[in-house]
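There are two complexes below, and they share chain A, which is joined by chain B in the first and by chain C in the second.
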Partner chain A sequence: MTTEIKTNDTQWVAVFKGRLDTAAAVQTSEDVKPLLEVVNREIILDCTELDYISSSGLRIFLAIRKEAAEHGCKVIVRNLTADVRQVFIMTGFVSLFEIQ
Partner chain B sequence: MVQLKMNMRKKTGKRSYTGICIILVAAIVLEAITCIQYVYSRKSIREEAEQRAKSELRRAELEINVVTAQMESAVKVLAMLAERYVDTPDSMFAATRALVGCLDNVNSAGIAFQPDYFPQYGHWFEVCSSREIVDGKLEIYTRQIGGANHDYFQTEWFHNGMTIDSCKWSEPYFDDSGARQMVVSCSYPIRNADGEIVAVALVDLSLEYLKDISEYLQVYADSYFSITSGSGLDIVPSPDTVAGRKYHFFDEEIDATGWHISIIIPDEVIYEDLKRIGLIVLALMLIGLGLLVFIVYRAGRDMVRLVKSTAQNERMESELHIARTVQMSMLPKFQNENKKNPILPCDMYGMVIPAKEVGGDLYDFYVKEDRLFFCIGDVSGKGVPSSFVMATTRSLFRAISAHEQDVATIAGLMNDAMADMNDQNMFVTFFLGMLNLKTGMLNYCNAGHNAPVLVKHLSTCDMLPTIPNLPLGILSGFSYTPQTATLHNGDMLFLYTDGLSEAENQDEALYGEDRTLEEIARIKKAVDEDKWTAKYLVDAMLESVTQFVDGAEQSDDLTMLAIHYLQSSDHAIAGNEAVRHSIVMRNDIQQIPTLAEWIESLNVPSALNMTINLALEEAVTNVMLYAYPQDKNGQVLIEAEKTDTQITFIISDSGIPFDPTKQPPVNTALGLEERSIGGLGIHLVRQIMDQIQYRREDNKNILTLIKKI
Partner chain C sequence: MKALDIHNQQILDEYTACLPVLQRMDSILQHVLQNVLDENGLAVTAVTTRIKTKESLAGKLARKGNKYSSLSDITDIIGARIVTFYTDDVDRIAAMVEQLFDIDWDNSVDKRRLHELDSFGYNSLHYICRLPQTMIYDSDRPLLNEIRFELQLRTNLQHAWASINHDTGYKSGVEIPREYVRQLNRLAGMLEMVDDEFSRIRTEINDYRRRVQQLVQNDKLDDVHLDGDTFNSYMQVKPFDRLNRRIAAINQAEIQEVPLDVYLRVFIALGCHTLGDVDRLCKKYEEDAYVLARYQLGNTDLDIIASSVGLQNICIVCILEQGGGKIGLTRLFNALNGENPQNALLAEQTYDQAMNLPFRNK
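What follows is the complex of A and B.
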């Protein structure tokens, strides 16, 4: 599991690759910390290569979403794989995020 | 790398600076020594020359004094004779003749009277006897030589004799009538009975004679000797060759005659030896400096080479260390950092001890559908090149065995792949096995590797019968022959590389296959059955081989792998329709990823794979988070029972009572602000599974999940 954070003038992009299970969540929550500080920017969570997500991973997404709302940021989840989309649907996360 | 080169350049600069300094200092020191030595040598040589010259001068003075004293005595004798017969002019002839006759070194002698003393002889009267060579014979001639053509009254010697009452030497002059050569004369007055000076006695000394004396007074071969009169006229002249040369001049006055004798020594004669020694010293100094330059240059170059190679070595070592870590991480682990045992498909243990930092030995294993795939291999050679091949071999084993069930096909495909890319002619001896964990059926294929030892549970141990085949990577397209054997409950398969069988001790004796068999038999016999494990055997064999080599350097990588086949009770129930599987996980969420592999092996319909995995992960995570306090040792057992219509999971743990079904449901319709960060896990389990039941039994939490398929 890898998380890559990129930024430019208007956007912060987090690219997730691999399986975001409970074990990987420990490291991933460290990796996404910069996103929690972002103010007034668009945050894109790129899930093109995210193969799997469990509740621990969903909590990280939710934490980003909540901080973003407080900091006036818009969060976009991009390119969900079928498996991950299924989990988003089961948990109602589809309605919490703008999904592209 | 750039930084390294910069350092190199700095060091090179520093080296040449130091080198130049060393050479300069050495040159200055040598130069100073030479100068001091030259100055002192010159001084002492000059002093020595002076000493020699002075002593020679004294000798010359003595010689000349002897001669002049004889002359003076002679002239006095002559004067005395003349005075006695002063009135008889004829006796003067006899007197001069007698004197010349009895004194060898008197060339001529004479008596000259004042004008008109003997009127009968005329105005002039001078009697002279001289030695002359006539017709080859030396004769003494005596005659009266005074006359108008020899007006001796004007000569210096006559004037001296008439006026000075003692012996007096004249300046050199040419004696035109007596000796007929250059002479100096010693004069002495002759008195009559009344005491008046009436005549002068004289003795001539030939300058040739003095020159002859001076010939053997030479100090050096090329030094000169001269005598000058009191008024500076040459008596014995120095040769013309002295002119224009730098020379040392030593002189001494002879008291009796007022003459000066001098020795003239040209500087180049005195310092000839010094000059020669100086040239030799200069040449030696230049050779020495040349050698020094060479040595400094060589030493500097060696130092740079040393610095360079040390830096390279350090870099290589650190990279090798990393390589070793990477390589070791490729091998399945039997012990992780926490010294806790990971999940193994059966009792097995292995180890690799590389002879160098990285090695060419490998082993690997994994389980696929109740089948344990395992292998051991030894790449030809050692060190870095073998380690690359080792990594490739391991990858090929994993990649090919994932799709193939037949061991001979796997070996053949691996061989083809390796032979095709084998420019270095490296090869791998390889043993590949596939053990059916349910039945004990072992399919294996040996590619030129050592035959493993099969330790029978109830009888002796022996080599597993093997067809050698060819090692992998030698010949593309080679057809490998598979073999089969059956393992029974409790049997142990011991695989090893030639690092064991060819381990050498100090006497270069080999450990050998016979000893391997004997030692295994001995170890098995000596241990209680309940302690007889794969790890025990491998550790005991390592101890055995360590004792055997007794400190000799390890020459080859040493790898051992033991597989202890224990037929589980699950597997023993053959023919049961339900297929049971289980996995034990430690209380560590880092164990979660192994769930995915295990679920893969269950062969659930692929559409359900992800959701089942997710539900199990959430259930197990809950146990780890809530039933077990953090970091407490504990286990979670997950059992799966699969039938045609459903799959049942039973998750049990020994933690504190925790019933996840009591968790309130999550309202997924809530907005962002109302959504809680927790509770999602059990929500997902509920969503995915068709039934969830919790019970507390024997101090255990038991959660049963059923999914219809």
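What follows is the complex of A and C.
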């Protein structure tokens, strides 16, 4: 599992690759820490190559969403793969994030 | 501007010497006023404070001659103003102010009460106050409790009228013709009426909300038309908690609370006109919504769900049982997420997954 953070003038983008399961969650939580400090920007969670997400992964997404709301940021979850999309439907997380 | 005489120059020097105390008072005042409004949940348009500038004070002293014997005679060296949305709020804040500060009643004035029955004009409530020792005490700076300040309370409309009247009337320094004074005062009368109307409408809306909440609590949902307000009242009785708890129990999941107001337009699209319609629809599809969740979550170890999941599943089941198919589900996700191509994929996946469930064969 890898997480790459990119940024430009208007956006911060986190590119997730692999399986975001309980084992990977500790490192991913560290990797996304820069996103928790972002103010007044759009945050894109790019899931194009995210093969799986567990509850621990959902909690990381939630933490990003919570901090983003407090810092005036909008969070967009982009390009869900079929398996991850299924998790978002089953858990009702489709109502929590803007999904593109 | 003409030079001040020795007496007024002494008052101006006194002002300069007091400036640190004035700045501290100004800061305390801003903090205390904002705090009391926040604590009482009162939204206002503006809370402002200001210290009269040296130039402005010099101008006032020059205009008033020897009216003031010392700086403490001038009551508006520090001024604060609270501008409210509603005229009722002026009175609510007045009650708070009277408890917060030591009021100099001899110099405080309710301009709203000064008008004759047939006259209209400047409306505002002015208090002359001191900071009480219970609020702030500094033995090195007794002036903190001695210097008076002026606090004005008025509505948005009273503020607009006062500002425009000041701009057109006083600022030019030329007395304006009686005809224009009459026109401005006529407007003051109209704005007073508008202020009263805003307050009346707010009171009626609050009464309506209370009546709706009563009907919801007494289960008389067919009497309640479905709209944003009534849907919120319905949501306050948490009608989907039981279903969400059942779904959470499948994997001993925690429930993440999310706003559900976005579902109002879904229910309207599903043909609901009253809260009774919403309630019947939810009860009708609740069991199948649970079966769908059990089917989806049962084979996973997902132990976190959003509080929208019960309602989302009710809508999915309703759409599928009514033959809405993938198009109906896409519309549902469009309503929840905003239109984007991913919604068709969400719909297709949901549709395929629900294919084998018993309710599809009813």
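By our rule, the second predicted complex is superposed on the first by the 100 of 100 C-alpha atoms of A that agree within 3 Å, B and C clash if a C-alpha of one lies under 4 Å from a C-alpha of the other, contacts with A are read in each partner's own complex, and residues count from 1 in each chain.
Simple rule for what comes next: contacts are C-beta pairs under 8 Å (C-beta built on N, C-alpha and C of every residue); 3 or more make two chains touch, one makes a residue touch a chain.
Keep in mind that what you see is a predicted model, and the values were worked out from it rather than measured.
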item	value
Superposed partners chain B and chain C on chain A - clash or fit	clash
Chain B versus chain C as contact partner of A:Y52, first or second or both or neither	first
Which superposed partner A:V39 touches (first chain B, second chain C, both, neither)	neither
Which superposed partner A:I5 touches (first chain B, second chain C, both, neither)	neither
Touching partner for A:R19 - first (chain B), second (chain C), both, neither	first
Chain B versus chain C as contact partner of A:R85, first or second or both or neither	second
Partner chain(s) touched by A:A63 [first = chain B, second = chain C, both, neither]	first
Stretch of chain C penetrating chain B in the combined three-chain arrangement, among 60-68, 294-302, 330-338 or 348-356	294-302
Residues of chain A contacting chain B in one complex and chain C in the other	54-55, 58-59, 62, 86-87, 90-92, 95-96
Residue ranges of chain C in contact with chain A within the complex	253, 256, 258, 260, 262, 293, 296-297, 300-310, 312, 333, 336-338, 340, 342-343, 345-346, 349-350, 353
Contact footprint of chain C on chain A as seen in their complex	54-55, 58-59, 62, 80, 82, 85-96, 98-100
Contact set on chain B toward chain A in their complex	589-593, 596, 610-611, 613-614, 617-618, 621, 666, 668-672, 675, 677-678, 680-681, 683-684, 687-688
In the complex with chain B, residue positions of chain A that touch it	19, 21-24, 26, 52, 54-56, 58-59, 62-63, 65-66, 69, 83, 86-87, 90-92, 95-96
